[in-house]
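Both complexes below contain chain A, partnered by chain B and then by chain C.
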Partner chain A sequence: MNYFINKTLYLLIVFAIAISGVFVLVNNMPGDPAYGLAVSIAQQRNMQIEQALEIAHKMMGIDPHESIFIRYGKFVSNLLKGNFGYSAFYNTSVNEIIAKSLPWSLFVISLATFLSFTIGIFLGAFAAQKRDTIIEGIISTVSSIIQAIPPFILAVLILFVFSVRLKVLPLGGAYPVDIEPSFSLEFISKIFLHALGPMLAIAIPQMASWTLSMRGNTSQIMEEDFIRFAEARGLRDSVIAAKYVRNNAMLPLVASLAISVGYMLGGQTLVESIFNYPGIGFYFGKAIAVRDFGLLTGLFTLIVIGVILATFIADFVYALIDPRVKLK
Partner chain B sequence: MNPIIKVEDLKAVYLVREGTIKAADRISFEVQENSVTAIVGESASGKSTIIEAMTKTLPPNGRILSGKVLYNGKDILTLSNEELRKIKWKEIALVPQAAQQSLNPTMKIIDHFKDTVEAHRVNWNHNELIKKASEKLKMVRLNPEAVLYAYPLQLSGGMKQRVLIALALLLEPKVLILDEPTSALDVLTQAHIIQLLKELKKMLNITLIFVTHDIAVAAELADNVAVIYGGNLIEFNSTFQIFKNPLHPYTNGLINSIMAVNADMSKVKPIPGDPPSLLNPPSGCRFHPRCEHAMEICKKEKPQLIEIENGAQVACYLYKEGGRWNETSDKNRSY
Partner chain C sequence: MKKENIANFYYDYIQPLLTNKKSLIGLMILLFYILMATIGPVVVPLDMNSNFAERYQKPSLKHPFGTDYFGVDIFQQIVHGSRSVISLTLLASFFAVLIGTVIGVARGYLEGIAGKIIDAIIMVFLVIPSFPALLILAAVFMNYDLNVVEIALLVAVWLWAPLAKQISAQVLSIKSKEFIEASKMLNMPISYILFSDIAKLLIPYIFINFVMQIKGAMEFSVGLMFLGLAKFDPTHWGVMLNYALYQAGALYTAKGFHYLFFIILNIVLLIYGGILLSQGVEEVFNPRLRGNE
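Moving on, here comes the complex of A and B:
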């Protein structure tokens, strides 16, 4: 139990540091966070930029003469209340944007992770079992090449081949605009079809990297004494492969699995932008492009929370599945 | 007495980048049923290779080039993998050297017992399995309740070694082969394991073969001793005879190097020189560069293992079949 208390304390400390980091970073960015809003106000109402700035400041609840500490206090107290801030560009609360974009991101990420992890584990273990054969050579070489392709290039490729040329995949969005969202089979199948492009762009390089890690871990485990001892006891190869090799080789990967989900939350900005897919990454990219500092801070905080939580979950999962962690 | 295992002309090598390591070179010996045989030699002399080749459990770069291993008249080396798998553990159990890493770190001890039983299609239900496993654990003086549901990391080195022995006894094999059962353990635990093996030998109808670099352990446990030097079997004799009257100069040196035999510390003598490289072994007798009795022929031709008297076998030009070759060997024994 001590283990979990320690981890929880650790989580809280990391969280406080990360949140402060986000705040300092965004506050030290050049330019006024209200400037974007002020420009649009000035254009709409045909007034001077100084006046518009004042209005914008009031709208966003910012006092430019306030000290950084008071602003920090407000930021933290808002966060503790679950308020991620205000988006000037979309003229709505960041919470609302998160509420509508997070599900899409999680949907694509979990699909991509599930697919890439299962296939990668299988391929990696298979390659390691076929050590020093052509099959292993092919799997390893192809994986190394695919792993090196950045997801956004793959995204452009998929978009070009499947959406523009072959026209089997939609061009963008989470679902067709002319269909009302419902739980009908047609709508659900459309959702999957629309998610397929970004999902593949994320999953394929991921799969290659799982394959390579699993192959490495597996061949390392296969050298262990307990494998030879299992063979000496006359255990069947299939039992050894599953219980002795795969289970031990997978352990470190399960931990990185949770962490990779956390990182993907913020790391798919380019893929989601290319597919016009309304996930967290898409809004994150938009926030940078239009200098919407409020949205940027909010999403940044969310991503940081995601990564920390994922690391935390990874630790928990690791302690659950590996007896060596809990007991020490 | 019947030989339960007969090794004939066994030759095994390891393939490495630099060439082949000739780790076991034409080894022949017999193991009588219900006897204890010790295979003694320095580190890297090829003693583990012999038992691993005998059970076909060599590491991936190991190759058996020739020879036969007859178990009750059947050649183990020509069996198919599936036939061999069925014999392994049920009839011949091999406890490997690295007891510390031989258990799956993510599995409880009970699951190791369970897997072993399932692999051999023994129809025990869960209670029977627990009963049998507990029985064997008690035999090696472990507390079953404490050990069965523990993970390997919760056990000490001596406990792990005993768990392996208990696992080996589970299906009541006829032959139990142990690779360095006492090394990597502290002196007290060593004494404990030796005591335990002695008791097992009395309690069960079992043939024991064990490998050790410690000739004192061999003296305590074994009926017969096989001395290995540089991948060659150089002497095979009963334990009593080997200590009373060592034939090969190397065996002689080996016995002189242990303190317990020599009450006077000044008589403890190390063997001069280094163990031979098995990559490029010396020509002729592999011991000749370190041997005080080396003759011209020792450098050129390899001595064959010959029977001297009363079953004593030695590979040395100081002896001839059926008796001593020349008297110098007796004179020289005075050192």
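Moving on, here comes the complex of A and C:
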């Protein structure tokens, strides 16, 4: 139990430093954070920019004469109340944007993770069993070539081939605009179809890296003494392969599964932007493009929370599945 | 004595890399692009003037990679862009390794509160998701005209942490070895112990990591340019990709295929070269690294 208290404290400190760092960085961004909102207000209501700026400051809860310390205090106290801030560009609270975008991100990420992990584990173990054959050569070479393709380039390729040329996948969005969201079969199938592009762009590189690490782990385990011993005991090869080799080779990968999910939350800015898929990454990219500082800080905080939770879960899972690790 | 050293260096570090198939091919790919970046712009002239009579020409002898939306030769742009792509990638990898090594060695060597503080710094940079953080940092500096060194530093800030953690672990394990104790007993200055004794053992390790950083540095810098967050060389491949997609709409016309294809091919091939080299380097040097532990 002591271990968890220490770990939690440590992660909380790391979280506080990370968030404060970003706050300072964002608040030193050139330009007034309310400027974008002020311009749109000025256009809508036909007023002078100075007046609009005043309204924008009021709407965002910013006092331009306030020092950065007071703003920081407000930011922290809001965060403690579960308020992630205000988006000037979308003219709504960041919580609302998170509420509508997080499910899409989690949907795509969990699909991609599930697919890439199961296929990667299988291919990696298979390649290691077939060591020094042409099959291993093909699996390893293809995996390393895939690793050389950054996910957003893959996204461009998928969009070009499947959406533009072959027209089998939609051009973007989470679902077609002309269908009302409902639980009908048609709507659900459309949701999957729209998620397929970003899902593949995330899953394929992931799969390659799971395959390569699983292959490496498996061939390492196969050299271990306890495998020789199991063979000497006359156990069947299939039992050794499944129970002794695969389970042990998978251990570290299962733990890093949580971490990779955590990082994926923030890592999909480019992919989601290319597919116009309205997840966290898409809004993060938008926030950068229009310099919506409130949205930027709020989403970044969420992403860091995701990573920290994932690190925590990974530790816990590892202790749970590996009897050699005791929580101190 | 000097000659012997060079010969030893060759047999220890260079020759194994040339006999390993992966690292040899990887080296050849990287060398090809380095040559393209150094000699290419001298040999191939760049004409960025739009020529609407030659828009979206298919690859031909006159235009090996075809022409883009404005009728500008794509091959010329790739060759000239390779200069900023290569220099940005190598500089970012170099800075990442430099920061990672200095902080890692310092962490491994320092004890007490100073060590704990450095530990926390490393941890923060490990936990912060690098690409979103890089985007924020780039957005902060968006209105400044950054040069290649400054952009490379922006990228490197988000790449050094894993290396620092590994190096600090290495240093901690080396530190307890007898010969370091001996140096301490002889009252050697700390700087000597740090840079002479420990650094020597870490060199193969640092080299591997430098090569491994290439993929990350390349992906980050191309992604950054692709989002249009750094005003830089218009022929940088990431910027080209941005133009192709968002300015020229090459995605939505059948005639634009070669435009996208050749940009993507070069990006992927260069990263692949880096991956092959790092795989080869690991195969060659890892047993030796394990021997050090």
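Just so it is clear, the second predicted complex is superposed on the first by the 324 of 328 C-alpha atoms of A that agree within 3 Å, B and C clash if a C-alpha of one lies under 4 Å from a C-alpha of the other, contacts with A are read in each partner's own complex, and residues count from 1 in each chain.
As a convention for this text, contacts are C-beta pairs under 8 Å (C-beta built on N, C-alpha and C of every residue); 3 or more make two chains touch, one makes a residue touch a chain.
From a predicted model like this one, the values you see are computed outputs, not experimental measurements.
In the model built by aligning both structures on chain A, chain B fits alongside chain C without clashing. In the superposition on chain A, contact of A:148 is made with chain C only, not with chain B.
Shared-chain residue A:239: touches chain B; no touch with chain C. After overlaying the two complexes on the shared chain, residue contacts for A:184 are found with neither chain B nor chain C. With both structures placed on the common chain, the touch criterion links A:291 to chain C but leaves chain B unconnected. Contact with chain B, but none with chain C, is seen for A:229 once the two complexes are overlaid on the shared chain. Between chain B and chain C, more residues of chain A are touched by C. Looking at the shared chain after the overlay, A:48 reaches neither chain B nor chain C.
By the touch criterion defined above, A:8 lies against neither chain B nor chain C after alignment on the C-alpha atoms of chain A. Centres of mass aside, this uses C-alpha centres: at chain A, the angle toward chain B and chain C in the superposed model is 70 degrees, to the nearest 10.
No C-alpha atom of chain B lies closer than 14 Å to one of chain C in the superposed arrangement. Of all residues in chain A, those touching chain B in their complex are 224-226, 228-236, 239, 243-244, 247-248, 251, 321-324, 327-328.
Listed in rising order, the residues of chain A touching chain C in the complex are 10-11, 13-15, 17-18, 21-22, 25-26, 28-31, 144-145, 147-150, 152-153, 156-157, 159-160, 164-165, 263, 265-267, 269-270, 273-274, 284-285, 288-289, 291, 296, 300, 303-304, 307-308, 311.
Against chain A, in their complex, chain C makes its touches with residues 120, 123-124, 127-129, 131-133, 135-137, 139-140, 142-143, 215, 219, 222-223, 226-227, 229, 241, 245, 251-252, 254, 257, 260, 264, 267-269, 271-272, 274-276, 279. Within the complex, the chain B residues that touch chain A are 55, 57, 59, 85-90, 93-94, 96, 98, 101-107, 115-116, 118-120, 151, 153-154, 164, 167.
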